[in-house]
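For reference, chains read A, B, C and D in written order, and residue numbers begin at 1 within each chain.
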Amino acid sequence: MTKKYVMLADTTRCINCKACVVACRAEWETPMGHTRDWVKEVEWVQNDQPKVMLFPGRCQHCDDAPCIEACPSGAAYKREEDGIVLLDNGICSGCELCIPACPYEARWLNPETNTISKCTFCQPRIDEGLAPACVQTCVGRALVFGDKNDPNSEVSRLLEEKTWVKLTTDEVNVGPNHYYYTAGEALPDEVMPKQYDRHLSGKVMEIVNPVGAIGLGAMLLTFLGAGVIKLVGRRNEVCASENKEEK
Amino acid sequence: MCFILIFLKQTDLLKKVNRQPQLYLLASGLFNQPTPARINDLCRLLNDLLQTTPKNAPMLPILKALKPQLNYNKVLKTEYSRLFILAFPNEPVQPFASYWLESDHSLMGNSTLEIKKMMAEHGIEVAENSGLLPDHIVSELEFIAYLASQDDEKARQTQRQLLEQHCARWMPQFIEALNKSNPMPYYQLAADFLKQLMV
Amino acid sequence: MSDTSQMIPVREKKSIYMHWFNAGIRLLLLLTGFGIISGELVRVVPAFWPEFMQGLFGGNDNLILTHSVLAMIWIGVFVLFILFNFTNIVLPFLKNVLVLTPSAAIKDMKSMTLNLLQLFGIMKNVPIPPQGRYNGAQRLLGTMIIFCSIILAFTGLYLFFGPQVLNFSENPLYGAIFRWSLVAHISCVFLVVTGVIAHVYFALVEEPECMDAMKSGHANVEFIKHHNALWYDELKQEGKV
Amino acid sequence: MSTHDHFDPSRRAFLGATAGGTALTIAGLPSQALARINAPHESEKLKETTEVFGFCDMCYWRCGLKIRSRDGRAVKIDGNSEHPNNWGVVCAKGNSGLMVAYAPNRLKYPMKRVGERGAGQWERITWDEALDTVAQELKKVKEKHGPQALSMIGHGTWEKPYHRLAHAFGTPNTTSPVFGLCCGPRGLSNMIIIGRNLTGNETIDLENCKYFLMMGRNITESLHNGETLGWVNGVANGAKVVYFDPRYTITASKADEYYAIRPLTDHAFLLAMIHVVINEELYDKKFVTEYVDGLDELKQRVQKYTPEWAEPITEVPAKDIRRLAREMAAKAPSVFVYAPRRMTRTSNDFGMGMSITILNTLFGVWGHKGGVFTPQKYSVPEIDLPEFKHAHLARRAEDGGDFDYSDMMDLPPEYDSNHIADKHGTIYRADGAGVPTRWPVANAKYGLTNEMWRAIAEQKPYPIRALITAGGNGFLNSTNYDIIRKALETVDFYVAADVSPNEMNMYADILLPEASYLERYDDLQVGGAREAYVAVRMPAMKPLHDTRDAWTICKQLADRMDLGAYFPHDSIKELLEDRMKKAGSSLAEIEKVGILKIPADPAKNFPLEHGGKLQIKTPSGSTKAELIPGMLKMMGYDKALDYVEQVRPNEDEFHMTFGRIGFHTHARTQDNIWTADFMRENVLWIHPEPAAKRGIKEGDLVKVSDRNDRSGEIKAKVTARIRKDSIFMVHGFGHWDKRMTTAYGMGVADSDLASYAVDPHIGTMSMGLSLVKVEKV
C-alpha cells in the first residue's frame, strides 16, 4: 500500500513563536526575504472582544496540484509512493508559470539557484526517517506529520479523534494534504486559498492548446473526407470504364 | 601546512622574477593588522617591488605613493580597527567574502567553505593563531600569492577561478565601502592598490 | 491520361536529400517535443506519451537534451545548406514560394480555396487560374512554414539556453520571455503540423507525381503543363522542354 | 467553506480542477485521468553531519540541544529530546543561535579603548596585552581600595567563572539582574513563606494541572520551551485557563476567560481571592492543618479585602472573583496561581508575590499531582577549591541552587552604615542585599543589580573603582540610564567580556571577545525536575576569530593575579573530567548522551499522593508554611502583605506597559539577523478610542513621553488588544550602539520609559509605575 504523507496543524497549540520558520531557514539555507513556511496571525474583534487565530502554513502538497499542471517541463511533480509534491531542480527552468498557479502562495524563485523553491515536507529528512524540521522543533507540538494511509500512525489517530478542516473553498479545492484543527472556529478569509491565477502568457496558453487541437482535428477531418470522396470518384471511374469495355 | 603569516618569511619565493606573489602578499599585508614587524616586512617587500616593477607599469605610482605611508604608528592601529573591526552601520567595511556574498550577511557562509576547500586542495589551511577566517581578505590575498608562486597548472587554474569567480564578486564592493568611509591615506592607497590588482 | 511523354529534371539531388532530412528530423523533433511538455496547462498530447518518452529516456532532462541536440543539428544543417546554395537554390525557391504582398496572398487564397473545394467536387468546372512552379496553396504553406521554422528555432534556442546563461531572478523580463517563447514555440508547432497534413495528403493522394518528383527529381512535362502552366511557359522560354 | 473530511480528499476537488479550463488535450480527453506524468526524477539527499550535545544560551531556561556540524561549522541546532527543559523542541531564538556565532559584527578580537569612554574608539590588541592590562588594573584597585572595590555584573553568557574569579579576588559585589530586575519578588515570596523559590526552572506539574489562574504570565510569548509545552499540554488535557493582563496576548487568545485587569492592581484581586477562599473555607483543610501556620491571623488581615472592595480597583466584577475562587477550590489541589515571570512591576511586588504563594498554599498545591512537584537533585560535587574570603557568599554562589537562605540570619542585628563589614570582618555587599537596615531580605547571591549600579554611580556606601561585566546590557535591562552611564564613567577601570556588542560594553576599557556557546565547553548544567539531571555543553566547532571561552579567560586572569589556585585546571575540559569523576561518571560517558538522569520518582515528586510527607523549611526555621512569615514580622516588613494604592494616569496619560514576544530574548536578539527578520522595530500598541482622540492611525509615527521628560518616537499599532488606559511596546528595542548593525536605531527602548522606583521592602525595581503621554508627530 502506498504512503500518503499529510501535515496536521493544531491551531489551538500554535503560539506563533516562529520556531518552524527559523528551523526551516537553517535546515535548507533559504535566502533572506524568502521562506518555505510561515505563521499567519489573524486578529479581529468579535462582539467587542478581541480575537486572535494562528495558522502555520506551507506547501499543502495538493492531490490536484495546480503547480504541477502549470509546469511545462514536469520539474514540479508528485512523488507516487507518498504523494508529496516535489521539484526537480535539474529540470526547473525558473519560468515561474507555477507561481501564480499556487492558491497558497507557497512557491518562489530562489535567487541563489534560479529555480523554484518551496516546502518539500523535508523530503531528504523524511526519506531518512526523520521528522520535518518544523515538526521536530515545534514548541507547542502544533505540527504533526505522518502517513495517513498507516492506520497506526499518529496522524491517523488524530484525524480520527478530532474534526479537522482544510483550507479550501467552493471555488478553490485542489485536494490539499495539510489539515487544520481550530476547535470549531470558522476559518478566517485571510488564510483561504486564492482563486489561482496565470501570467498573461499562461492565459494565452490556455487558449492556444484547445484552438490548436481543434484546428488540427478539423484539418485531419477535411482531408480524410477528401480522401474518401477521391476513392469513391476512382471507384466510379473504374466502374464506368469497365462498363465501356463490356459494351 | 599552515601558511598565513608564516609565509611572509619564505623569502625564496619572493626572489622569483614573477612579481605576482609579491604584489598579492603586499595587498594581503596591507589589510592585515598593522604591527611594527609586519610593517617592516611590507617595507622590504615594497622595496623589492619598486626595483623590479617596470617604469610603465600602472602599479608604479601607487607603490611609490605607498612608500612614505609604510611607517608604524598608533593612528594606523586605530584606523585599522575602526575600518575593519568596528563596522558601523553607515560604513560596514567587512573584510569577509561571506558578508558580501550571503543573503543574510552572515560569516562562515558557503562562500567561506568554498575557499577553505580550495586551500585544502593545495594542502593549506589558515593558521589557528592568526584569528582569521579562510575568506578574510588577508587570507584570500595571501592564498592567491601562494598560488601565484607555484608554477604548476593546477595552481594557476585555482588562482584564475578564485579571482574570476570569487574575488571579482565581492572585493569591488569591499573597496567601494572602504573608499566611502574616508580612510586615511594608507588605507586609501591600499584600496587603490587592490583595485589595480583586480584589473 | 498517363502517356509516356518526356520526363525533365526539376530538382537537384541535394534539395531532395534536404527535403527528406528536413521531414525526418522534424518528425523526431515533434515526437520528442511532445514528450517533453508535461503539465496540463501546456501539454498537447495525452499524458501517456510524455510519460512513455520520459521513461524511455530516463528522465525529462535527457529528453530535453536530445530534443535540443536534434534541433541544433537541424538548424546547423539548414544554415550551412543556405550558405552554400543561396543563389542557385535558396533564392529562386524563396522567389517562387514567398507570399509577401496582400494582393499576392489574396490571389493565392483564391486558387487554394478552389483547389480545396474541387477536392469535394464543388465548382468542378471553374478553371483554376494558371499557376507558377508552386501553386497558391503550396506558396502559402511554404511561406507559413518558413516563418514558423524561424520562430521555432529562435524560441527553441532561448528555451534551452536562456535558463542556463541568465539569472532569471535578476530580471522578471527573462522569465516572461521564456513563457512567451513557450507559447510561440507551441503555436508554431500547431501551425506547421496543420499545414503538413495538407502537404502530405496532396503528395500521397492527389498528386503522386509530385511524390515521384521528390524521389527522382524528374517531373512529367504533361503534368507540369497541366498543373503549373506559368512554370511550363518559363521552362519553354528557357528551352528546357 | 471548508471540506470537513477525515480521509478522502473528496472527488469534488477533482472536478473543481478539471473545470479550471485546462482539461482539453489534443485527444480531447479529460485531463485528470492522465494528468500526472510519472517519470524518473532525481530526489535530493540529506547532507552528512556530525552531532554534539549542548544546552542553549539564547535565554535563561537553557534547553538541551543537539548541534549538527558540517565542514567544521555548526549548521543546525536541534533539541535534545532527553532534556526535561525542552523535550526536544527548540524555539526561534534557539534556532537562531547560529547567527550569534556567525554575526559579522560579533566581538572578534581583544580591544583596547583609545578614545573617550563610550565613544566607541578602539584598537585591536593581543590577548596577552589585554589580560596583562586587566590583571594590573585590578591589582591596582585592590591595593588602593581593597578587594570589595571590584564589582562583577554578570548576565547572559555562562557567568559562573567570573563569579568565581571575583569571589577569589575577595569581593562580595557580584550580581546578576535575575533578582533585582526580574524574578526577585516571586522567588523571595515563595522562599519566605514555604522555603521554596519556585523560580528559575519552575517545578510545576503543568500537564496534570486542571486550573491555571495566570496573573499576566504570558507563557506563550515570554516562552520557555519545556514550560510552554507543558502548559499547552495541560490546556489540551482540559485545564481551564483564566488570564489576567491589560493586553490581549496570544496567551489570552488561548484562555477560557480573559480579564483586562487594571494595570498594577493584581495584588488587590489576589487579596480578594484570599478573602473569599478563607471566609468561605474553600482552602484545603487537610493540607492547611498539617502544613500551614497563621491562617487565623491572615483571616483578620484580609477581612477588609472583600471582592466588592476589589471590584472598583481592579475592574474585575466581584461576582467573578467569588466564582473563580470557588471554581479553583473545586479543582484544588490540581490548580495553580501563575506568577508573572518578571515580577518587578508595582510598588509592592513583594506583597503581590506573597499573596500568590498564599493562595497556592491555601489550595494545597505543594507536593500534589497537578500542583507543584518536588524536584530531585543530581549530586555533582564541586571541584576542590581553597576557602573563599567571602565563603558565606561564595559557597552559595558556587552551588547551583537559587535563593539559598541557609545562613541569612548570620547577619548581626546591630548595624552601622559607616561599617562596611560585620564583626567577623566580612564585608557587606555594596548594593545592600542581605544587609541589615538596608535590604536584609534581598537575595545576597544575585544581589540587587539596580542598587549595585547606584552604589557604583554614587560610590556609596564605599568606593567601587573597578567593574567586570560578563554579558548583559546594563542599559536596556535596567531603567535608569543616567545611573548606569554615571557608574560606567565613574569607575577607574571597566573590563567587559561578551560575544556581541552592546551599549554597555561600548564603555569598556578592555573588551574581551568570548567564544559563543556553540564553540566551547562550559561547566555542567545540574538541574532538578521530576527527574534529576546533569547535562554537558560541547563545542560544535572551533572558536571563530580570536575568541576564547570564559573559563580560559578567567583562569588566565587568575594566574596573572596569583589566584590560580581557584582555577586548578588548565582547561574547562579538564575541570569537567574532574567533576564528572566526582559525580561517579566520566566526561566521555556524558558526551555520548549529552545528559545523565535519575528517572522521575512519583513518590519523591508527589509525596502527598503517596502517603509521604512534605518537607518544609522556611528561612525563619519553621517546618510549616508561614502565611504571615515570622521573619518579616520581626523586621516589621509584614505590612507588605497589605495592598498599596498604585499610581493612576491622568486624563491624557497611559500606563506604560512592555513585554516579550516569542522570538526575542530581552534586549539580546534584536541584532540577530534571523530573529530580527520577524520584527525589525517595535511598535506602540494603542486602543482605537484614545488613538482616534489623538488622530493616530495605524502606522503613524507618535511621540511617547513620561513624567521625567524621557521620550521616544515610534510607529503606532492601533488595536483593541490593549486597554484604553494603557499602551504597550515589545521590550528590547531602541538600540543606539552603532556596532549593532541590524538593531541600531530601530524602535524605542521601553526601558528608557519604564519607572525606576524600587520596592520599599526588598529593593527590587518597580518598572510598571511609569505614566506616559502619546501624541502624533
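By definition in this document, contacts are C-beta pairs under 8 Å (C-beta built on N, C-alpha and C of every residue); 3 or more make two chains touch, one makes a residue touch a chain.
Everything quoted here is computed from the prediction, not taken from an experiment.
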Leading chain pair when contacts are tallied as C-beta pairs: A-D
Separation of chain B from chain D, taking each centre as the mean of its C-alpha atoms, in whole Å: 45
Computed distance of Cα centres, chain B from chain A, in Å: 50
Separation of mean Cα positions, chain C and chain B [Å, integer]: 61
Chain C: positions in contact with at least two other chains: 38, 40-41, 43-44, 50, 54, 59-60
Set of chain B residues in contact with two or more other chains: 104
Residues of chain D engaged with two or more neighbouring chains: 22, 25-26, 31, 35-39, 41-42, 98, 673-674
Touching chain combinations (by label order): A-B, A-C, A-D, B-D, C-D
Residue ranges of chain B touching chain D (in the complex, touch as defined): 33, 74, 77-78, 80-82, 85-90, 92, 94, 96, 99, 104-109, 112-113, 116-117, 128, 131-133
Of all residues in chain A, those that touch chain D in their complex: 12-13, 15-19, 21-23, 25-27, 32, 43, 45, 48-54, 63-64, 66, 68-69, 74, 77-80, 86, 88-90, 120, 123-125, 127-128, 130, 133, 136-141, 148, 159-160, 163-177, 187, 196, 206, 209-210, 212-213, 216-217
Contacting residues of chain D [partner chain A, same complex]: 1-7, 9-10, 12-14, 16-17, 20-22, 24-26, 28, 31-32, 35-39, 41-46, 75-79, 88-92, 94-96, 98, 220-221, 223, 225, 228-229, 232-233, 235-236, 248, 250, 252-254, 258, 662-663, 673-675, 677-678, 719-721
Touch list for chain C against partner chain D, complex: 38, 40-41, 43-48, 50-51, 54-55, 58-60
Chain A to chain C touching residues, read off their complex: 68-76, 88, 90-91, 93-97, 101, 109-111, 114, 198-199, 201-202, 204-206, 208-209, 211-213, 215-216, 219-220, 222-223, 225-227, 229-230, 233
